[in-house]
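What follows is a set of notes on a single structure, which appears directly below.
Order of writing sets the chain letters: A, B, C, D and E. Residues in each chain are counted from 1.
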Amino acid sequence: MSAAAVPGLAVRGASKTFGAVVALDRVDLEVQHGEVLALLGDNGAGKSTLIKCISGVHRLDAGSIEVDGQEVAMTSPAVARAAGIETVYQDLALFDNLDPTGNFYAGRELAGPSWMPRGLRWMRRADMARSAAEIVDRLQVSLPARSATVGMMSGGQRQAIAVARSSAFASKVVILDEPTAALGVRESRQVLDLIMRLRDHGCAVIVISHAMDHVIEIADRAVVMRRGRAVGEEIPRPENRARIVSLIVGGDD
Amino acid sequence: MRLGPVLILAVLVLVLSASSPYFATTQNLGNVLAQSAVIAILAVGQLLVILTRGIDLSVGSTLALAAVVGALVFESRGGGVLTICVMLLAGAAVGAVNGLVYVFGRLPHPFIITLATLSIARGLALSLSHGQPISGMPHVVDTVGGGSIGWLPYSSFLVAFVAIVVTLFLTRVVWGRWIYAVGGNPEGARRLGIPRSWVLVSVYVCSGLLAGIAAVVTAGRLNAGSPTFGQLAELDSIAAVVIGGASFLGGRGHVGHALVGALMIGVIRNGMNLLNIEASRQLIVIGVVIVLAVESDVVRGRLEERFRALKAAGA
Amino acid sequence: DSNKTGSTSSGSKVVKIGFITKFPVDFYDTMVDAAKAWDKSEPGAEVVFAQGSSGTDDEGEIAAIQSMVSQGVKAIAITPTSPNVKDALQQAVDKGIKVVLVDNDIPDWSGKSAVVATDNLAGGKLAGQWLAQNMTAGGKIAILQGVLGNPSLQARVDGMVEALGDAATVVAKSPTDCDQTKGLNAAQDILTAHPDITAVYGACGPPITGALQAIKSAGKEGKLLVVGFDASPDELTAIKGGTESASVAQFPDKMGTLGAKTAFDAAMGKTVDAKIDTGTEMVTKDNVDQFK
Amino acid sequence: MRLGPVLILAVLVLVLSASSPYFATTQNLGNVLAQSAVIAILAVGQLLVILTRGIDLSVGSTLALAAVVGALVFESRGGGVLTICVMLLAGAAVGAVNGLVYVFGRLPHPFIITLATLSIARGLALSLSHGQPISGMPHVVDTVGGGSIGWLPYSSFLVAFVAIVVTLFLTRVVWGRWIYAVGGNPEGARRLGIPRSWVLVSVYVCSGLLAGIAAVVTAGRLNAGSPTFGQLAELDSIAAVVIGGASFLGGRGHVGHALVGALMIGVIRNGMNLLNIEASRQLIVIGVVIVLAVESDVVRGRLEERFRALKAAGA
Amino acid sequence: MSAAAVPGLAVRGASKTFGAVVALDRVDLEVQHGEVLALLGDNGAGKSTLIKCISGVHRLDAGSIEVDGQEVAMTSPAVARAAGIETVYQDLALFDNLDPTGNFYAGRELAGPSWMPRGLRWMRRADMARSAAEIVDRLQVSLPARSATVGMMSGGQRQAIAVARSSAFASKVVILDEPTAALGVRESRQVLDLIMRLRDHGCAVIVISHAMDHVIEIADRAVVMRRGRAVGEEIPRPENRARIVSLIVGGDD
């Protein structure tokens, strides 16, 4: 991380409580373009809460979020999306009643004519089906019939669709919350490759993962959270593994 | 769409044709279509609402209010187009109140606001009309509501038109897709930048607008606007959607479901009048037939599945 | 119109009277208007009004009765939805409040001071006699019933059938809930199944108005005897226009005036007649102009 | 439980006490309690059903059927205890039909069967009674429904008793826990070996049984059994539960919600009668007050949350 | 696997289709008491479907299931539970509206008196709260307030509760469908230890996992599924890793 460059995403002093639970406590975070940042931490450390705040799902109680040096008031997910932030959520946020294509293009359907307001355009259904199929194929996940709704699909198939959806539309910042948790060996490989391609295209990438091997393989930097605080930062290399794990687990318990 | 309810409707028609010589006459089929038109139109609106996991209890009262307002405007100003516009606007306005208060008042469920407007719109209709039916409707309204081409009532063309427009809207237009998305996963829709709030508002406005159209048909049929129109129409319209096979869980249903359900209700009521079934028995028969219709669809679906499993195991 | 109720709570000489009607439709509104007019003309009385929400809303009426008692009325005039409200009325009587029944009687209840009403059975008989005289021999008649479970609406049908005797056969009977649309639907279906009917009788106004629409679109306007009950404004127009043959008129304004007056008299300790018949009359094209 | 609805009820009571000198009299409070008792009892049953994501549209008709059957039995046989037992049994029987057909007929939603029994039970009540109210109830029924100790009506003790029993059942007994589990995750409940089907059947039986109890109160108040009892009671009872603050999404709600909601409805209606508001205006006022009540609870909740967040950020 | 011993669980000729999708195609499987069997396979291979059939959630189209040599007709999950089969499902099957204790004891509440039918017993709420807390503590997951409902908890907290629930009541057969997918490093460690304890107590354990390290560490035997079929079996040892992966991925694509 060079101090001179304007970070693709910066979080400053982020705090968030849910009732009595302090989920985030003055967290600072920066990610450069072309960098993969791993966000690590125990269960319940506040990782998902942090990225939900960045994506506009929750509102911060205090703190600010900057994209390319510009402060953005993340009042809704639509704002975050407009600012170029794409997110794969831990709970996937899929539409069980729609087919993979419908899920893929939800909220940004290919449609025309372009002079109409977005909502009133006529969908180009064939185009959508075609390019959705292509992108899913690239992840090499076997899906049942194209027209099946995703509600009935296996855990891994669902996760693959969610990852494919966000990565296909990535622009400035991509956030992935445990993107490989339910994926098989081969599918995980594809997703790791995908993350590296995103980095090479200049995206600022945040990945949450509990799989230390994956983190060491792809991340340029790792921030560790514990009980809502960012407690440390390491370069993920095999020789640092033990250090990182002890940071995660914490000395005090 | 599932074919079950259509089959059941067909069985019902066959049974009635066999038991009453009058049932399968063109005249009577025209009657059935005319009698079902209002429920069908309301049910299409209700379907949109149910697709987003909502419920609109106010449709019947909205119909009454729109009809009364229309009749008052016609009485004082005259003019067919104006009258129709006023009725549609009145309907849409109630729908807008439902949608806006529900969404931006962050109410936990649309049951509350639509129950409130069920009461308020009826009260307004009674106040405005001083409790009296107001006779007289412009010629065009009379024609739409009561006229027919041969035995086919105009209102059934209106229903067909509404059904086609809404179907295209739901399946081909972006906003229609968003309606399914919001119904399937409301929080997910928000996260993907779909304007969930406005999608929700829109379905209530559509439901209100369709209640306004239903008001035109009702007022035309009876050549009057009355504050007692549309009583219990909320139950009829919800029942039509559910009997037709749409799901209360959101995001699953088609216009076809609403139409088949509305026709089923219309056919049952018509059949009982034709067979001259005694009033209190009619209530019993309606209840039994509704359950049997839905139940036989369930059984059909299960048999099909069992059969497929057996075939697969045998192969 | 609620000015007086608001301003006179201080006037101690004024006797407060409750007037409770079933629900807000034309018939009861006429009654209420007449009672209000009487109220204006009688400075010694203040009438407070209440209504239920439907023709069978017993609970609503009971709530209204109880709140009248709470407000300290000296007499209540009420159109009871059913005999079910009599216990609540008895409780009022026990507190020294006089009760006058309007429009419907509660036959086996002795607490009432007077009944100001149309005799629905007699009204039905009137219609039956008229039909018997005017129908051609061997005629067939269809009946549009009112609200199921409502005794006075049932009496209108029973009375008609009784007086009709065997002057005609009843071929169809449909429930309409006194709803215009349901009346139209039922009439359409009846005309389909029995194209040869010669008369239609309705136990209340709205379904008859609806039925007229069905008769019109079946092209049978003026060819059937159509007899209603209530002589609502729409019916009067139809009778004038010749599409409806006759209707049994009641006199809701009379009920309103006499109901309020009788209640006031009873509250003042005067003796009142136990039964005050407001009468029924057959409205036909000949005398329709007297009713407006 | 959330205190919001209770606060709103308190505000309502204060406003009414200020605007009508009659409202806060013991006599009137007794009236309010007696008038709310039936809705409260029905609402407790409805709550059980709504906790499992269901709906029971048949409660009003069930009440009427139970009252008519009870009146007939009393007429022919006499006997207070017998009459009460018959009413409770009749209610539970309709509930059992609802539950069994819904669960074992594998219907997609209880809306269908309870809509059917709404119609069927009303039809039966009308048939059995030949459309006439049947006068006369045993003394014990009259007392329960219409009697009072001082100004406190017996029926309010009955409501309190029902509320306590159901609350203990829901919070302390295993079956009550299962009701919440089935409401929270029906498929999950099945996977963990909870007898989901019977839990579902049981809530409909309870709802029917409570409708039977409500029939006793109604019949006692009116000293008769009439086929027109309980019209639109389904909407009232559902409204009470939802206004009180229980969730339609299943598994979240308490008996307190049902009681507060029923009282709120009772207070609003009583207040309007006391204030002599005209009938058509009453409809408008009721609607507005219901929305305001729920809305102000929403606003209260949001302010609280905002305040906590500000405090946390400041700390 | 010794041929003489009666297997704790045996599946023979299991087939299951969903519409056009063949999810299971004549699968045979045996697990001994005191053995950990890993069930491996790509996403959509049919692993979850198989264990759902074993647990009575789905009914087999064809085939049979034996527990301790006795054929059991798995008509419902209650039957499976009664036969001694405990399952952690991939979708967790938690009750979002109940607190951890409520989730823990759902369906087998501590209650008395014992002569009453189960459903009508009075719950011993304090007892349940106490022992639930103990068992959750043993997994070393930090939970927010005890009385919070699980609906708001983090992905890992939820998974930990689901795992703790099933393992605490394990009797003959324990099935875990991706039990560590959402868990952190330390929590995963606890679950792996737990699985080994279960084995040592004589349970027959089936674990589905995509984490090859975990499989190698704890499993005695691995069965690989591909497209609804059981395509091979291996002893999971570091030196077999490549062989297993190629079995999972399949030679044909």
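What to note about this one:
Convention: a contact is a pair of C-beta atoms (placed from the backbone, for glycine too) under 8 Å apart; a residue touches a chain by one contact, two chains touch by 3 or more.
Chain-to-protein mapping (UniProt): A, E = Sugar ABC transporter ATP-binding protein; B, D = ABC transporter permease.
Note that this is a predicted model, so its numbers are computed, not measured.
Listing every chain that touches chain A and chain B (ABC transporter permease) alike gives D, E. Counting only chains that touch, the fewest steps needed to get from chain B (ABC transporter permease) to chain E is 1.
Centres computed as Cα averages put chain D (ABC transporter permease) at a distance of 43 Å from chain E.
Note: centroid distance chain B (ABC transporter permease) to chain D (ABC transporter permease), computed from Cα atoms, is 28 Å. Centre-to-centre separation between chain A and chain D (ABC transporter permease), using Cα means, comes to 47 Å. If you average the Cα atoms of chain C and of chain D (ABC transporter permease), the two centres end up 33 Å apart. In chain B (ABC transporter permease), the residues that reach two or more other chains under the touch definition are 126, 131, 279-280, 282. The multi-chain contact residues of chain C, meaning those touching 2 or more other chains, are 24, 148.
This structure has the following touching chain pairs: A-B, A-D, A-E, B-C, B-D, B-E, C-D, D-E.
For chain A in complex with chain B (ABC transporter permease), the residues that touch the partner chain are 55, 57, 76-78, 81-82, 87, 89, 93-98, 102, 106-109, 111, 118-123, 125.
By the touch rule above, chain D (ABC transporter permease) contacts chain E in their complex via residues 172-175, 177-178, 180-181, 183-185, 187-195, 250-252.
Against chain B (ABC transporter permease), the residues of chain C that register as touching in their complex are 24-26, 28-29, 145, 148, 171-175, 177, 179-181, 184-186, 188-190, 192-193, 206, 209-210, 213, 217, 232-234, 237.
Per the touch definition, chain C reaches chain D (ABC transporter permease) in the complex via residues 2, 5, 23-24, 48-54, 56-60, 62-64, 66-67, 69-72, 82-88, 108, 147-151, 154. Listing the residues of chain E that touch chain A in their complex gives 18, 20-21, 41-45, 48, 90-91, 141-145, 148, 152-157, 159-160, 178, 181-188, 210-213, 227, 245, 248-249.
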